[in-house]
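Next, two complexes with chain A in common: one pairs it with chain B, the other with chain C.
Moving on to the complex of A and B:
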């Protein structure tokens, strides 16, 4: 038995918004793989919950009118990984979320929950940052879309207003088209572990595959919230596809990130692995684009 | 709490059932306490060990971090569904015995339900793929190799192919 004060089951998005307004103290629960665990630990014990888990309208992936990828917030990690549109356009996201927890966790965990937690270690977060995802929030007044970097306000804090729930995550076409990416999760175990540091890179090469047209990189656990590394992106963007560029790109990362000492790893260690992770991710992304490093 | 008990209709191991359920209950609580499905073990109760694993609409879930009320309208399978009409063991259960993949047995039902999900895809997986698919379970006795071998053996048996010999 969970120590739940009240459980409100939303029957639609509109109903969820009504429940949010009626019960401002209540916590939203999607898959529950964080909320229920925290409740068991005592952190959220005795709280009211609003369950949105059964809202199937928030599941699935599609292309919208402008060919942006639209991912329903309750889409599970395992469904994301398997989805043909994800595999075709942003395979790295499917691969990144395939490293969350274990198989059963990937069946219950949702991409919306992963972002709404506001934790820096979320395996989806760095890739979503690197692809400049937009977070769609639906509230009493309507729908608003927030760039993911503005959605994260601080460790464990995200920009969800008292009447809102997150309904989708969008990846703009301009962001995903003609790109290949790679995610590297550095953790102590191969399964059921949280990233010590995570790095997601995606590149767009020139038609002759000799030049980096665009390079994007984002990290998890390199600061209080997931973050891009603009210095590193600038160091590689427009540069020739070469081992030197990859090297310079990796080294530039140190100037951008701000990891901390924690029981999982020290700041110095995180900085050290971040450089190598970025370099490897760039090299793998190039390979996936059919390019070759000289 | 108002509406503490809610009517939950679902399909358990092929049978339609209905019950008034405490909305604070986990699916593990409901399956064990209301339906006596004691193959569903209470291990860590925070979704880490996989002992409470059951199949819901064809996918594996740790029932300890799944609210009982979410079972509404779902098809749920536990280890009990594998029992033959005269109490026979299924092939995968027999393989666990043959390969000594069981010691204390606490993790076994969870592992076997994941194995069922793997086997029912009808696909052939490499050892690495099988390891990854079995990675959501903790076993503190056998050291996993025997479990992997039991699943692999059953997979090849069901595929009608000889099991490749170790190189």
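Moving on to the complex of A and C:
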């Protein structure tokens, strides 16, 4: 039994915007795998809810006119993982969200909800950061697109205006083409867990696969919001595909990230595994590109 | 004959798989009022005032009771048989609600409302003023002078201290040339995590209280409710439906007295209290964290000369099962590896934490982690082979314990180890893994375990059984030893069928639910006792019933009774094996005969004054990823000698469950408390790392079947033993893989990171740089 004050069910995106304006205190609910848990804990008890869960127009994955990948915000993790376009262009994202919770959560949980929570541990977040995703928000004034790094304002806080809902996540073609990536979720068990820290790397190799043309890496739980590691990217970008580069890349991570001590893990521990994860993710990404470390 | 020993299908399988089986909540009428508890938000202090005005104003709230409303009757909760000797009675140190709160999560007030939402809203609106007191979370800190005083009747916070002194430790260690191994071992606080949280509903009926509860021990709960409420025990009736696991947490009186008292205050209204998972973690029971200090003195040839054990058991805020747990662990210390000079001390110490009680293994998982880790540490110090050392020093065949009179009849340890080693290819792997280098290493580790069966002679052991024949030759069977998911009912049906001569165990209808008004008196499910103790009462009652059947058969057949038997549900003349009549025909006649009508029933109690050792071992293989500080169990086996198997498939399932719990205990589970507030940090199934089946390899369970001579069915303990040897086997495997001895549980990445850093397996250059600054 949940302590819900009122539940409003949006019939369209436009209707959702209207409900947002009419009920400014209301919380948006999609799959509910986080909202209902918080409600039960008493954190959001007694709140009004606006459900957007039935808006099928926000489901699915396609390529837009410019071949950018467009992921509807209500696309569930399990649908994302199995989607052919995801598999073809950004398989690492499908793999990352396949590590969320268990099968039931992956069936109900949505990528929009995962990002709108604004939590640093979200399994989709580091990969979306590493691919410089754009967040599409639709409001009374129209549609705006925000780079994901700007969408995250702070722990648990994202840039959604009072009249807006998140409608899609876009991966620009320039970002995903000719890349291969790898996500490592560091958790304390092999299923049903939250990331202690997560690392997503993607690389673009030169045609001869001897040089890193572009390297991107982002972390979850290395700071209050998901974050890129620019120092590490610079340490590997343009460098030869070699074990030395991988080593330097990993070590450079220490300067980029800012994990904290908590009862969940110490700062020293998170730093240690971040370096090792980054190195391993780079090595795996190279392998997936058909390259070989010298 | 021939139901026992077969892997027949559980009698409750269909109903449980299809969801037809009824659990407590399924049976509760929807009109029930809901009780929700207001828990203490401080670790220690006195409640000065409780303001309930706002809470009572919430629509749907019926009443709020506070710690100032409850009877001034301290009561014991442990699921032990009552003792009529005062010195053996459990400590009564809590009330229904407590004004002196002793842990973060203690019960301060109880809200009663028409629904869950109103109750939860009201709980948040109850305002409690406290006078805060200093608190202490560590048992050894709690023993120090000037530590906060937790229970008024126990100055110094020691609930109990007992010792064992054999030989002369101090003299013995003077022998020249001895090698000393001196180490400390820590186990974590863990929770049972049964699927069904504790739930109870209560209502008045004809001046009595009827309580339906998810419990392992209905007859014991009847007594403790009577004690807590100051009511005659006969006025209380406890009903126990199917339960979704207990593992010892429900071998305790939990919220039955509170629910009963609330119902009483409301004129007997039906009330229900359904614990949340958070409450289950913090405000039910946990397994005692025990810190053990073991000092062993050995000759260079690997013989023990003297040993010392000090064990400090973290009781938490209330006594519950108290000292029994660490005392059991200490009790096995001189037995498992006999040594002429032993000095052992066990302390059970109150702290301002969640209450520790019974949990699968009852002190032995903690003891085995200390003892069997220490055994490998000895082998490392002496450069001896762990398997050979164990074989040389383990309890010999013929060993007899003076107190329990338990006897080691067989070479169970050696036979179990042989099977496990063969399955794992132990010897080759142990040698191959000894001196590895590189980031990813493999290791293999062994642990034996000691266990026994039931609680005799520390406490009462008995079982009562009732058998009632039906017209068709089938029968009902009732015992008080509860089905708690382990499959006991099926074992009873198999034993009952063979005891009477019924062909098919499915013709033995075990009355699964216990009802203290109806079920013969008995103690419940705990101490791995059910199959053992019920074996005695089922065999005895079966013989009484069979004699009645044969006497009736004599009337019908005119054959002498001693030539008759019941075989495969027929009356058989033994002299020529001729079937004289089906049992069904005899029963129908007995029911309806106009000359001699008799309902064929039997009932008897058997008091058991024996106990039985139950031994075995675990071998685990691990892969350790040193840079990632992760160990993964890649292969594992438990081998048990629990006597003759009543149902091999169920026995195997029991071992699987125990191994899974052992892997969680070894690798990931730990209830954490905030040192600043005493609050539990991870009281949920996300942050508390219960292992999943993704964390397990195939769980191999094998058996050595040496028939237990004291048991009519040759059986002995299997419920708890599987959970006992797993953690030390994994720990010893990591030692084999990396050379690093890890002496605290769980063996999670945080601990591996700390230890690998200390031992130089991990060197983070940036951390050294920082250290220099």
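Throughout what follows, the second predicted complex is superposed on the first by the 294 of 294 C-alpha atoms of A that agree within 3 Å, B and C clash if a C-alpha of one lies under 4 Å from a C-alpha of the other, contacts with A are read in each partner's own complex, and residues count from 1 in each chain.
Keep in mind that, in the parts below, contacts are C-beta pairs under 8 Å (C-beta built on N, C-alpha and C of every residue); 3 or more make two chains touch, one makes a residue touch a chain.
Everything numeric in this text was worked out from a predicted model, so none of it was measured.
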Which of chain B and chain C A:207 touches, first, second, both or neither: neither
First (chain B), second (chain C), both or neither touched by A:54: first
Which superposed partner A:9 touches (first chain B, second chain C, both, neither): first
Partner chain in contact with A:78 - chain B first, chain C second, else both or neither: first
Contacts of A:190 with chain B and chain C, given as first, second, both or neither: both
Which superposed partner A:142 touches (first chain B, second chain C, both, neither): neither
Which of chain B and chain C A:263 touches, first, second, both or neither: second
Partner chain(s) touched by A:104 [first = chain B, second = chain C, both, neither]: first
Which superposed partner A:36 touches (first chain B, second chain C, both, neither): first
On chain A, positions contacted by chain B and by chain C: 1-3, 190-192
Sites on chain A touched by chain C in the complex: 1-3, 42, 45-46, 186, 188-194, 196, 251, 254, 263-266, 268-269, 271-273, 275-277
Of chain A, residues touching chain B in the complex: 1-7, 9, 29, 32-33, 36-37, 40-41, 51, 53-54, 78, 101-105, 107-108, 190-192
Contact footprint of chain A on chain C as seen in their complex: 115-117, 120-121, 124, 627-629, 668, 672, 674, 681-682, 685-687, 689, 691-695, 748-750, 753, 762, 764-767
Residues of chain B touching chain A in the complex: 1-2, 22-26, 29, 45-48, 50, 53, 59-62, 65-67, 69-70, 72, 114, 132-133, 135-137
